[in-house]
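Here chain A shows up in two complexes: once beside chain B, once beside chain C.
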Partner chain A sequence: MNATIAYITFRGMLGRRRALLLLALPVILLLLAITLTATGYNDLSSSTAVLQRFALGALLPLLALIAGTGVIGPEIDDGQIMYILTKPIPRPVITTTKLLVAMALIVLFAVAPTLLAGLIMSGVTAQLAFAFTVGVFVGGMAYCAVFVALAVVSRFAVTIGLLYALVWEVLIGNVAPGARKLSILQWATSVTDSLTSATAVTSEVSLGIAVTLLVIVTVGGAALAGIRLRTLSITGAE
Partner chain B sequence: MSELRLDQVSRWYGNVVAVNGISMTIGPGVTGLLGPNGAGKSTLIHLMGGFLAPSSGTVALDGVRIWANQHVYRHIGLVPERETAYEFLTGWQFVECMAKLHKLTDPAAATRRALALVEMEYAKDRQIGTYSKGMKQRVKMAAALVHDPPVLLLDEPFNGMDPRQRLQLMDLIRRMAAEGRTILFSSHILEEVERLAGHIEVVVAGRHAASGDFRAIRRLMTDRPHVFAVRSADDRRLAAAIIADGSARSVQLTEGGLRVEAVDFRRFTWLLPRVARDADVRLWEVSPADESLESVFSYLVAP
Partner chain C sequence: MTSTIHDIGYRHYDGPRLGRAYVLRSLFVHNLRAAFGLGRPIKSKVMPFLLFGAMLLPAVGSVAALALTKEPGALIRYSAYAVFLQPLVAIFLAAQSPVIASREMRFNVVPLYFSRPLGRFDYVLAKYGAFATALFILLATPVTLLYAGALATREPRQPNPGEAPPPQLPGIGEHTVHYLEGLAGCVLFALVLGGLGLVVAAFTPRRGFGVASVIAVYLVSLTVVTIVQGIAESQSKYTISGWAGLFTPFYLVDGVQVRLFGAETSTPQPPPGPFGGVVFAAACAALIVAAVGILYARFRKAGLR
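Then we have the complex of A and B:
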C-alpha cells in the first residue's frame, strides 16, 4: 500500500465525470428503496428482489467494472502509468494499492448504499439488509480483483468484463446451470443466502465452495495483476 | 558518473524488428539519439527506461540490468514523449507526488528545487491541464529531476515547443550535463541534436547507423554531394558561371531550372549568391532537392 499512489488514484477516479457514473447507480437504488417504502410495496419479497437483482446483480458488477478497470486501465492506455513505474516501488505494491482503492470505492458506492437501501426497505427483518451488505462486500472484493487484473492484462478489459458480467453471469447462467457455478454473483448470493432467513434467496453453490472460490479469485486476481505489471511492456507512439 | 550500456540489443514485435542488434555506450554529457520517425528511437528509450524487455541482448546501467529492476529508478529520470501528466493535479502536487514516490526525505524541498530548476514556480498552483505544451514539458522535466538522478532520458523533448521554450530547455539540459549527468535525448531534427549534443548516436530502420562526435557525422552528411534545384533569370548564364567557379560537380539544365550537384553543402550555399551576382543573374529560387532527413540518413547507412 502506497499512500501517494492511492491519493493520485482517488483524485483521478473522483475528480472527473467518472465520479458521476459511480454515483448514478447507487442514487437509483436509494430512490427505488425510498419509493417502494413510501408506497408500501416494501414487503420482504420485493425488497429481496431489489437487493438481489438490482444491488447485487446489476449495480455491483457494473460499479466494480468501472472502479476496477478505472483505477489502472486508462493510465496504462495513455502512458501515465510511466510516472509511477519509474519509481523504486515494487510493482505488486502498485497493483495492490490500486486494488485497495477500487475496493474502497466499492464499499463507498455499492456496499454502503446496499446497506442503506436494505434498512430503508426491510429494517432488520430476516437480517436481509445485513446479509446483502455482506454479499455485496465479498462479491465486490472478488469482482474488483478480477477487473483490476483484467485491466493490467488486456486493453479490452472493459469489454471483456462486460461480457463476463452480462453474458456469462446473466445470459448463459440462465440457460446453462453449470455456468452458474463459476460466477462471482452466485458465490456472493450463496454467502447472502447463509446469512438471511428469507427463502427467496437461494444459490446452487454451497457456502463452503463459494467462500473458497471467492478467496481464491480475490487473491489470485490481486497476485496476477502484480505479476503482470512487473513485466508490462509499454510501447511508444511508434 | 553513470554509464548506460547496450549490448547487442534487439527487440521485435512478432515479425517486426524494431531494434536490431544495437550496441552502444552512453556516458556523461549530452548524447543525441538521432533518427527519422519510426527508426526505433522510442523503442530504444523504452528499453533503457525499463519499459520493454530486450528480445535479445542486455541493457544495463553501470553493470546492473535495467529490465524488471525497480531499483534502477533511483538513478534514472525519464521524461516520456507523451504529453499527458495527471492533468487534474497542480504542478506542485504532481512533482511532490513524484518526490514522495521516490521516498525522498524532504519531498517539499526537493519539489521546490526541481520546480525552480525548470522555472515553473510561478505556475505551480495551476492544474497541469491548463498548462501549455512547453510548460507541461518543463513540469515533466521537474518530475524527472526531483530525485537528482545521474541519468536523464528524454524522449523527443522538443516536440511541440516554440523557439523560446526550445532554447530554455536546451540551456537547462546543458546545465544538467555540466553537472556531470548522463543525458540522452531523442530527436528526428538534425539541428536540435547538433546544437545540443556533443555525441551522437544515429539510428535508422532499427539499426545503429553511426556513432561519435557530431562534427564527424555532420561531415559525413555534408561531404556527400548535395543536389539543389535552382531557378534564375538566366539559367544558361548561371550554369556557365557555376561550372567555371568549380563549386559544383555537375550542372544540368532542365525545363524547370537548373539541377546542381554541389561538392560542399556550406561552401555552395555561401558561394552561389556571389556567383550569381558576379554573373549578373537574378536568383529566383534555390531549394535543396534531396534534403529530407530520410535521404540524409539513407546516405549514412549506405555502405
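Then we have the complex of A and C:
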C-alpha cells in the first residue's frame, strides 16, 4: 500500500467527466428504487428483481470493469506507468494499491447504493437489502481482482472482461447450465441466497464452494497482477 | 477549393480535381476498413474478427442441425438472429465505435481533416455510413449463411415405416421473403445501433471509457426495460410492457420488425398494434437524425482545437 500511488489513482478515476460515468449508474439504480417505491410496486418480488438483475447483474460487473481496468489500464496504454515502475517500489505493492483503490470505488459506487436501494424498496424485510449488499461486496472484490489482473495482462482488458461478463456469464450461461458454475455472478448470488429468506434468489453453486472460489479468484487475481507487472513490456499506444 | 492552408507559395496545381464524391468515398472506405482493424497492426484485428467469427458460429450450427434433422424449427429465424446474439453485437459495437468516433479526437488530428476541402457534414456522413455498413456486414453475413443453408436443404426427411410423413420444409419463396425482411431488419439494426454507439463514444474519448460507456448504455437500458416489463406483465398490463421496449435499442428495432416487416417477435412483448409499430419506427428515425446532428456538432467543436 502506497499512499501517493493511491492518491494519484483516485484523482485519475474521479477527475472531471469520468466521475460522472461512475456516478450515473448508481443514480439510475436509486431512481429506479425510488420510482418503484413511490408508485407502490415495491413488493418483495419486484425488489428482488431490481437488486438481482440491476444491482448484482448489471451495475456490479459494469462498475467493476470500469474501476478494475481504469485504475491501471490507461497508464499502461500511454506509458505513464513507467514513472511509477522506475521508482524503488515493489511491483506487487503497486498492483495491490491500485486494486484496493478499485475496491474502494466499488464500495462507494456499487455496495453503498445497493444497500440504500434495498432499504428504500424493502426496508429490512427478509434481510433482502443486507443480503444483496454482502453479495455485491464479495462479488465486487472478485470482479475487481480479475479485471485488474486482466488490465495488466492484456491491452484488450475491457473487451475481454465484457466477453466474460456478458457472453460467458449470461449468453452461454443461459444455454449451457454448466457454465454457470464458473461465474462470479453465481457465486455472489449463492452468498446472497444464504443470507436471505426470499425464495426468488436461488443459486446453482453451494455456499461452501462459492466462498472458496471467491477467495481463490480474489487472491489469485491480485497475485497474478503483481507477478505480471514485474515483466511488463511497454509498447506504443494503438 | 483553390487555396488551402497548405498553400505555401509553390506553383499551383491546375489539373482536374477529384471532388466531393471522391473524398466521401475515400473516407467511407477508410473508416469501414478501420472498423475491422484492416490497414492496422494485427492487434487491432483480433477483437473484430474474433467477434465476427463468434457471430457466425450459431448460424453454422443451426444450418448443420437443419441438414441433419430436416426439422424446419432447427433453423434460427432470420429476424431473431441479432436479438438472440445481442451481447456479441453490443460488444462489437462497444469495442469498435471508439475506433471510429474518438480515435482521431484522442490524438487531436480532427483539424487536419477539416483543413482540407472536406465538409463537416460529409465527414460525419462518411463515418456514420461506414460504421453502419460494418455493423450490417456483421449482422447480415450469418443471416445470409442461414438462408444459404435453408436453400441447400430442400428434401424432407424420409419417414420411418409406419410413421406419419414428416413436416414439409418451407418453400424457397417463403424463405426468400423472410430473408429479405431479415435483411431490412439488419439495416435498421445497423443504423440505430451505429448512431447510438458513435454518439456515446464521441463524448468519452479516453481509451477504455468509451467502450465501457457504450456497453453501459446498452446494459442499463436493457436491464431497466426488462425489470419494468417483468413488473408490468405480473400485473397483466401488457400494453405498458409493449411500450417499454421503446427504451432499449434491440427491442426498439425488433418492435419495428414485428409490426412493420411482419416478423415474429423475439422480445418478451412487442409494441401494441400497428400504431405501436409506427411510433417505434418514428423513434428509430428520430434517433438516426439526432445521431447525425449530435455528431455534426461534436466534430465541429473537435475540429476547432
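Points worth noting:
The definition used in the following text is that the second predicted complex is superposed on the first by the 233 of 238 C-alpha atoms of A that agree within 3 Å, B and C clash if a C-alpha of one lies under 4 Å from a C-alpha of the other, contacts with A are read in each partner's own complex, and residues count from 1 in each chain.
We adopt the following convention: a contact is a pair of C-beta atoms (placed from the backbone, for glycine too) under 8 Å apart; a residue touches a chain by one contact, two chains touch by 3 or more.
Everything numeric in this text was worked out from a predicted model, so none of it was measured.
Of the two partner chains placed by superposition, A:Gly221 touches none, neither chain B nor chain C. Of the two partner chains, chain B is the only one that A:Thr4 touches; chain C does not reach it. Once the two complexes are laid over each other on the shared chain, residue contacts for A:Thr231 go to chain B alone; chain C is not touched.
Of the two partner chains placed by superposition, only chain B is touched by A:Gly15; chain C is not. Contacts of A:Arg53 after superposition: chain C is touched, whereas chain B is not reached. In the superposition on chain A, contact is made by A:Ile84 with chain B only, not with chain C.
Comparing which residues of chain A touch chain B with which touch chain C, the overlap comprises 237-238. Of all residues in chain C, only 40, 43-44, 46-47, 54, 85, 87-88, 90-91, 94-95, 103, 204, 206-209, 211-213, 215-216, 219-220, 223-224, 226-227, 230-231, 234 touch chain A in the complex they form. Those residues of chain A whose C-beta lies close enough to touch chain B in the complex are 2-5, 7-8, 11-12, 15-16, 78-80, 82-91, 230-238.
Against chain C, the residues of chain A that register as touching in their complex are 17-18, 21, 24-25, 28, 32, 36, 41, 45-46, 49-50, 53-54, 57-59, 62, 65-66, 69-70, 73-74, 77, 155-159, 162-163, 166-167, 170-171, 237-238.
Residues of chain B touching chain A in their complex: 13, 18, 37-38, 40-43, 45-46, 49-53, 68, 70-71, 73-74, 76-78, 80-82, 84-86, 88-89, 97-98, 100-103, 143, 155.
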